[in-house]
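Before any comments, here is the structure.
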Amino acid sequence: MSKLNLITLLLIFFISIKGYSQNRTEINIPDIPGYITLKCDFHMHTVFSDGDVWPTVRVQEAWLEGLDAISITEHIEYLPHSQDIDADHNRSYEIAKPLADQLGIILIQGAEITRNMPPGHLNAIFIKNANLLEREDWWEACVEAKEQGAFVFWNHPGWKAQQPDTTLWWKEHTRLFNAGIMQGIEVYNESEFYPEALKWAKEKKLTVIANSDVHGPSNMAFSAEKKRPFTLVFVTEKTTEGVKQAMLDKRTLAYFEDKLAGDRAFLTPIFLNSLDIADKPVELKNHEVKRVRVTNESDLTYKLKKRQPSIGFKCPEELIIEAHKTILIELEGISKEIANAGVLKMYYEVENLMTLDGEALPVILEIANK
Amino acid sequence: MSKLNLITLLLIFFISIKGYSQNRTEINIPDIPGYITLKCDFHMHTVFSDGDVWPTVRVQEAWLEGLDAISITEHIEYLPHSQDIDADHNRSYEIAKPLADQLGIILIQGAEITRNMPPGHLNAIFIKNANLLEREDWWEACVEAKEQGAFVFWNHPGWKAQQPDTTLWWKEHTRLFNAGIMQGIEVYNESEFYPEALKWAKEKKLTVIANSDVHGPSNMAFSAEKKRPFTLVFVTEKTTEGVKQAMLDKRTLAYFEDKLAGDRAFLTPIFLNSLDIADKPVELKNHEVKRVRVTNESDLTYKLKKRQPSIGFKCPEELIIEAHKTILIELEGISKEIANAGVLKMYYEVENLMTLDGEALPVILEIANK
Amino acid sequence: MSKLNLITLLLIFFISIKGYSQNRTEINIPDIPGYITLKCDFHMHTVFSDGDVWPTVRVQEAWLEGLDAISITEHIEYLPHSQDIDADHNRSYEIAKPLADQLGIILIQGAEITRNMPPGHLNAIFIKNANLLEREDWWEACVEAKEQGAFVFWNHPGWKAQQPDTTLWWKEHTRLFNAGIMQGIEVYNESEFYPEALKWAKEKKLTVIANSDVHGPSNMAFSAEKKRPFTLVFVTEKTTEGVKQAMLDKRTLAYFEDKLAGDRAFLTPIFLNSLDIADKPVELKNHEVKRVRVTNESDLTYKLKKRQPSIGFKCPEELIIEAHKTILIELEGISKEIANAGVLKMYYEVENLMTLDGEALPVILEIANK
Amino acid sequence: MSKLNLITLLLIFFISIKGYSQNRTEINIPDIPGYITLKCDFHMHTVFSDGDVWPTVRVQEAWLEGLDAISITEHIEYLPHSQDIDADHNRSYEIAKPLADQLGIILIQGAEITRNMPPGHLNAIFIKNANLLEREDWWEACVEAKEQGAFVFWNHPGWKAQQPDTTLWWKEHTRLFNAGIMQGIEVYNESEFYPEALKWAKEKKLTVIANSDVHGPSNMAFSAEKKRPFTLVFVTEKTTEGVKQAMLDKRTLAYFEDKLAGDRAFLTPIFLNSLDIADKPVELKNHEVKRVRVTNESDLTYKLKKRQPSIGFKCPEELIIEAHKTILIELEGISKEIANAGVLKMYYEVENLMTLDGEALPVILEIANK
């Protein structure tokens, strides 16, 4: 049908590349000393397994929503569209890759090993050939992933469909962990938080991860009210290899529901680098009130609660520093000695920054006094 | 691979039907005397031609966005995903139909006959078998559609890719029109308005249509700032047959960019039925000011401009009656006789209601005076 | 200075009445059988006591925000602007009244008797002369209010500034109550809920009230995230007298934080009248799934939780029916007898409708089956 | 009444300073080489003339809305609240000043000389004593302002109430201008743009100014849809004196309706400093397509239109760089020589940056190529 082919060619010429000509909304979360902060989502599907969108849509969404790196992780064992779609397990990666390169999105090849519990669902990312993961035996699939150099993590460990009553760590997970195969864990998936996973991440030194596991269009699943979860990855270079090394080194935080969860070593600099604190000395004296201007330059709203009193002065019990807003913190001198203090220290905890212990991050705000 | 099949079954059981459990936002545009007002989109694509979503997504979007009827209109001649997708031209309809039935969305079988200009692209909707439209000769495809009982309309007649300099009506369109095949025309497609199409609709009595022609997720293409266009169809019954009869009878209006365009016979009752005007007589007298409460119960914001002065009283030069808001219109008596007037008439035109002449709709607001 | 006066006159002529020419946003909460539902705020201040706006602003805000009745309740005993403002206690009412009449806002004359605890702050509304409430003795002020026909209620009974540790009912309140003076109580003020007040309202049959107590511009104090609280008043006529009779008869509900609190006799019809439930019989049979369309036509989002299983069929554990949205409720037949049931009953409680016991309102959703 | 005084004292203690504990939204418009960019509004009213709010509200609004400097400019000759408010013309400044100091808002003393046309209304800012401006003769009032060191500008020169048919420059304005009294002009007031004023600003070297002239609460007059206008002032120090010197030196731009208007010398650096352009050389070659990442870090959305073709490569006809978004600009090599170009130049004009000629600002985007 040569005529139809001709029509096709004409059409291709005129199809404008609408998706990615649109403006991208950056996610404003600061870099930290020594590392670039990348926003990543390592779990999502397309029509090539049980998702509802073409693979390029995942790249367009990543661009529009400010993500830096994604992995499309089709189910190996669950292909409900196979009646209509005839392709191997590498196909969605191949289709998405050229657009990812154009847009500067890091596309990491991945797949989801999809089994009953135990061991449940496992994502293998940084793989080379997803087809080789199709095995009768789940252990063989995991070993194959490992041999391809994969980073493997446990998906939605507390998913009610597989762990209806309690969230258990099975002996199969110990086996995977001891073999150095399973190195990370989703502490958050789509709209569910798993406190047990955070505990295991601490105990066993697993990389903490939060993913969307999105199946339909991301705008249908997420919104301004229900934000898409993602993983902050702290890299030394913005490349696939840089992301992989960071995952191996556990340089991550999980973002979900306006919270960050993970190691204090990353929470603290994220918090401090988000703030611009006026550096002019306040020169607080006894019986005086002074105000310190603090601007939150990040997209995160920080909710602070006082942990303990400051020495020689009073400061507010609570502070809400909304994203991209400025507050004035009122300080009141209550001792004569305060006039001689070089630095004023305020002791807060940040309620929406969660350590591996599941607790609010303690922080010290330091203000130059003279 | 019986084990994989078992896994599949377990999974199917647990996949929750997320898409349509979400809340639907109704489009508030009133019914008019004698007819139910349906909101319809007759032009969209999925992965089964050059779109980016699975067919069920189109039904979910229709549900969420308040549409009543849609037609998925895959290109017959342009199948860029054919390397991966192996299906006939009826397949996307078959996949989408069960969900449409569950959600009460009227799904109309359709297809897009996709040719160079002339005649360009034509949608055939209410067809029975899209496969039979695959013909070398476009005329034969159109005749086949007609024989299946299709309603055929011309898509994006002023599309720059096909009519770069001027928007022409070709002899091929006359042929289609004279044969009773082409009965409607898109006056708006995606983000383009075609004034010539509106003119032809008037001259040749074509049904006016506005469609999204959406390819990606609708939330990626449209937003609160750039609203999805659709066609209002005035039916006597909310069924596929009801929609078809209305299309044949030209009972439609095109909605786009907060405007409605089409026949005054439908614009006027839509406008009047959108308003709730306080019915208490105002008892306006000379030298007095009275206020009339008007509530706009529709999703459309109406922008009114005075056409001519009222007799015996003054009223505002302009009125903006925002969607779902209430205004007070101030009237000032300027003649002694006004106290005896039974009804006060105000002469406006509605700038965002466009007649087939492309002009603002003239309206008369009537207020009981005593 | 006659020239200046002339200028003044010219200016008055040209000052356009901007405030109330703006569109009003109605609050969509339905009427209930036998009563019209008014939205009222009985506690607010202007520059004539310790507020920050001119009295007409309170009327403009009421108009714009969809309120039907307000009372400006200046402090009798606290006049921090008295150095600059020289006026008696009736003045803010006098200034606001003409605009209220033009806009159809019911303006109720009121004042706040402002004392240390006990008895704390008391609003007297429906008074005739606020000047007579200026007394050394608070009891005399209250008796005077009563003699003027006032409805008196206790403001912010749990205000930390006056009841720092516990929220107590003092003997002074018993005295006021026994004398028939204090007939209502704020269960919510500005951003604080007082559970004790709700309990007292039940025990002592006090009218439940929620007010904004707004001092600055209402848009500065309240927003889409922190909604202005108000009182629903169920009247037989939309007049000052109608509001007063309803207050005396305890026909009110308190609105705050997307919740309603008060007597079940009013909560239940508000809930049921908010919903439009498809009335076509569902004809549910054993092993079948049917869907029932429910549209929430109100501004309130209802959050429902199942109280007990339905007989013969299953329905969702939770339902969130967002404001102005439509949901489909899925029903699954699980008994043969269900095919013969005339009505299907679902037993939920509405988590954001709070009875006088402080508990979620139990409701029964009834669906015609055949 | 000692008891009332006691109550008063107790109350004062408990009144929390709500207004300015709220978060401030910064206006993100960059500094330019040599200057700090301040956002200023030099025209507003309070209850001390014909406004509707207490003077402190103007300071709170400035804080919340991201302004750096304001002037409250009460009418000298128009005092509609004088029946209730007994104060001299300096009073609103005195009341607002302490809060301005606490919040770091520069409060400039001002007044509005309010006369029939000619000369209409004139704002005198940086005055010392507003009472001395109360004169029968407008010329004397202006001379007094000048002697106090005021900067005087013409308010809303095209206000329909005073210039109903044409916007004229009267001989009185020539007199004020020649005497060095009138040095600036509002090119925008509240919601009106005056093209004639922009022309005069160019011809006569007047300082361009845009002001809100707000009378009610600013949130009632302005919104996300109708943004508050303000003046950008480019200062060497963030003080009252710094602002004054900048006004005298005409270092200003008018902001209104998402536009900036004024001298190209300020428009150009504002535009360029708003953008973060990826600095990695693109290495564009013939027949290749490369993409350049551009992030707009300002609150202004820039709309660019191509002025002339680039040499050796193609770039888009139009660019919309939304506030706080990132775009990729596609470049296509169309000559062999392009591979040797060190810098790629693109010639656009920015449609929402308006020069003193009333035309779109021409800009050159330069991209490193190798």
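By letter and in written order, the chains are A, B, C and D; residue numbering begins at 1 in each of them.
Note that a residue touches a chain if its C-beta (ideal position, glycine included) is under 8 Å from a C-beta of that chain, and two chains touch if they have at least 3 such contacts.
Just so you know, these numbers come straight off a predicted model, no measurement behind them.
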item: Between B-C and C-D, the pair joined by more C-beta contacts; value: C-D
item: Classification of the chain A:chain B interface as same or different, half of numbers criterion; value: same
item: Whole-Å gap separating chain B and chain C, where each centre is the average of the chain's CA atoms; value: 40
item: Per-residue overlap in chain C, given as positions that touch at least 2 other chains; value: none
item: Which chain pairs touch, all of them; value: A-B, A-D, B-C, C-D
item: Contacting residues of chain D [partner chain A, same complex]; value: 20-21, 23-26, 102-104, 291, 293, 295, 320-322, 324-328, 330
item: Touching residues (chain side chain B, partner chain A) in the complex; value: 1, 3-4, 7-8, 10-12, 14-15, 18-19, 22, 47-48, 50-54, 56-57, 60-61, 64, 77-78, 80-81, 84-87, 91, 95, 114-116, 136, 161-162, 215-217, 219-221
